[in-house]
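In the two assemblies presented below, chain A is common to both, partnered first by chain B and then by chain C.
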Partner chain A sequence: MNSFRAASRIALRTKPTRALLAPRRNYAEAAGPADKIRLSLTLPHQSIYKASDVIQVNIPAESGDMGILANHVPSIEQLRPGVIDIIEEGAGSKQFFLSGGFAVVQPDSQLSINAVEAFPLEDFSPEAVRAQLAEAQRIASGSGSEQDIAEAKVEIEVLETLQAALK
Partner chain B sequence: MLSRAARPALQRVAAASIRPAQSNNYATLREIEGRLKSIKNIEKITNTMKIVASTKLARAQRAMSESRTYGQTSNTVFDKAETKPQEGGKTLIIASSSDKGLCGGIHSQITKAVRRKLLETPDADLVILGEKCKAQLGRSSAKNIVMNFANVGKDIPTFAEAQTIADQIFQLEKDYDNIEIIYNNFKSAISYEPGSAYAFSEEAIKNSANFTAFEIEDEQLANLREYALANTIFWALSEGHACEISARRNAMDNASKNAGDMINRFQILFNRTRQAVITGELVEIITGAAASEDS
Partner chain C sequence: MVAAWKAAGLTYNKYLSIAARVVRRSLKEQPRLAAERRGEMQLKFAKWENGKQGEVKNLAKEPLEQ
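Here is the complex of A and B:
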């Protein structure tokens, strides 16, 4: 799992998280509402989407942010911690913060996303994020064990992404 | 004269023969009472365990169905790519049981399934989750065991547990070509069968029939594999946990029923014996009275 974290760190450095919030071209409108992608978004303890039809899903993949529509080329993407955007028909879009995982686009317009944790973006409290970020930074710059520092660094990375997403 | 002289003697004999029997009766009566009490206590315990298991069962089953969706979602990619276990090569068998007993034969089911697998691949390595299977497999195939985990399945399994186990397995640094997880498959509330779930090696994933259809960066494959193993272990743990709780509920239900039967039987025996003792006493009193009237 170390390479998992290291990779996500690099990806973070190279891609400012602001890009997440930049206005994006909405492919969904271009494609029309006819085609849909069947999304399963599952956590170990909860399934948020269970094979429901949605129009578009924007995921924070390691190789860059991607928008996935129906009939996407089959691919396996590792996710970094970040915001996943789900555009449903009629219901507008829903945003979740994912702690990383894998998204697999299956050949028959199915999208399976496995993540360890995910919460709706509006459920996060900016104050708590700020407080935890300060705490993690303190540990990272302190003189704890190597493992503590490494863990704090991962924490900082996630919290910074989260903070940027909340703004 | 003779009959008169003979009667007390006879009576004495009769009394002598009754008395030990009577004291015997008293003893068995007390014995029966004691056993009855202990069975009643056992029934109370098994009944409580049954109720505890039933309350846990709903939660365990919910967790299981979530983890099943999770595991299935995670494995869809291997289904679509038609990944198959590789022929030959080094095999690792993960037996997923738990620490606690009193739940019927579900642990020995796993043990039997593992033994069957070991007959096919005698040099496979074994990782055992839970003390029960460790004790059972330690006797027959101790040389195969490379690692075991205690404290598994005490409560509803968490993903962190599964992740730790997967991490430890990768730290063994043996490149297993096939990893097979043997766990109890929850069919219904009364039927469980040992099932196998596979975690594939990178080679196996690469060699699968339809894998070329997917776009993936090579360095992510290793991560995918580790993640998939953790997912599968999590799935197996949750399913095994639900089976265990359900099996415990059934086992305790049966135990309570059996205890109830025994209580009935002993209650009848107790009543009969008491009646016999009372009758005996009455006979004694009446005979005594008749004798003193005679004299």
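Here is the complex of A and C:
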């Protein structure tokens, strides 16, 4: 009787220790190398980066420009239309112009950027930007409807950022 | 601070679509044509009443949804 009680007490004691030894999955193990951030840059029609490990990503957030490295604090940032810099190991840096969207930093060094349009800077034509900027400025200072003026002002903001990025 | 587009009464969706449209139009010839082809859509609408087709309306020509 006594030995049975002792055995059951041992069994009770071993159970929790076994649970502690069992392999557990957590955020840090699920992610890639510790010094990299896993980037997904996705558009409705295309994935430009699909869970690629990169060193740093610079984004134009509404709250200010920011650089995101591995182990960044989790956050959600609304993006202004502007240039994002992606710094990859060995490959140098790549730049894309985004038309605006959201960046989500997850707790396991994952960064998801969603935008409507994103193109490398060399795909843009400075002449087209200049022509559209002149047109938008004409509408913004004209006597069109309030809606047209508001749209033209959004366009001017995008085009001025684009023009500065192309210089 | 309220963003200028919001103060002017635009929704976020509308603001994004304007920004995306102006980005597409700023591209060089080749990527621009590819990007604009992606945005093409056709939609026709007709109401049927008593077994007869009503007037056909082309919804694709309507301005972008607010």
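In the analysis below, the second predicted complex is superposed on the first by the 133 of 167 C-alpha atoms of A that agree within 3 Å, B and C clash if a C-alpha of one lies under 4 Å from a C-alpha of the other, contacts with A are read in each partner's own complex, and residues count from 1 in each chain.
Criterion: a residue touches a chain if its C-beta (ideal position, glycine included) is under 8 Å from a C-beta of that chain, and two chains touch if they have at least 3 such contacts.
Not measured: the values here are computed from a predicted model.
Of the two partner chains, chain C is the only one that A:L162 touches; chain B does not reach it. In the superposed model, A:G101 makes contact with both chain B and chain C. When both complexes are overlaid on chain A, the residue A:V116 reaches chain B and chain C alike. After overlaying the two complexes on the shared chain, residue contacts for A:S145 are found with neither chain B nor chain C.
Shared-chain residue A:A128: touches chain C; no touch with chain B. In the superposition on chain A, A:T42 makes contact with chain B only, not with chain C. Using the contact criterion defined above for the overlaid structures, shared-chain residue A:K153 touches chain C, although it does not reach chain B. Legend: residue contacts after superposition of the two complexes on their common chain; A:V73 is shown touching chain B, with no touch to chain C.
Across the superposed pair, chain B and chain C both touch chain A at residues 45, 62, 101, 116. Listed in rising order, the residues of chain A touching chain C in the complex are 45, 62, 81, 97, 99-101, 116-117, 119, 123-125, 128-129, 132, 136, 146-147, 149-151, 153-155, 157-159, 162. For chain A in complex with chain B, the touching residues are 1, 3-4, 7, 40, 42-47, 50, 62-63, 73-78, 101-102, 104, 106-107, 110, 112-114, 116. Contacts from chain C toward chain A in the complex involve residues 3-5, 8-10, 15-20, 22-29, 31-32, 35, 38.
Taken in their complex, chain B has these residues touching chain A: 63, 66-67, 69-70, 73-74, 76-77, 80, 158-159, 162-163, 167, 210, 213-217, 219-220, 222-224, 226-227, 231, 234.
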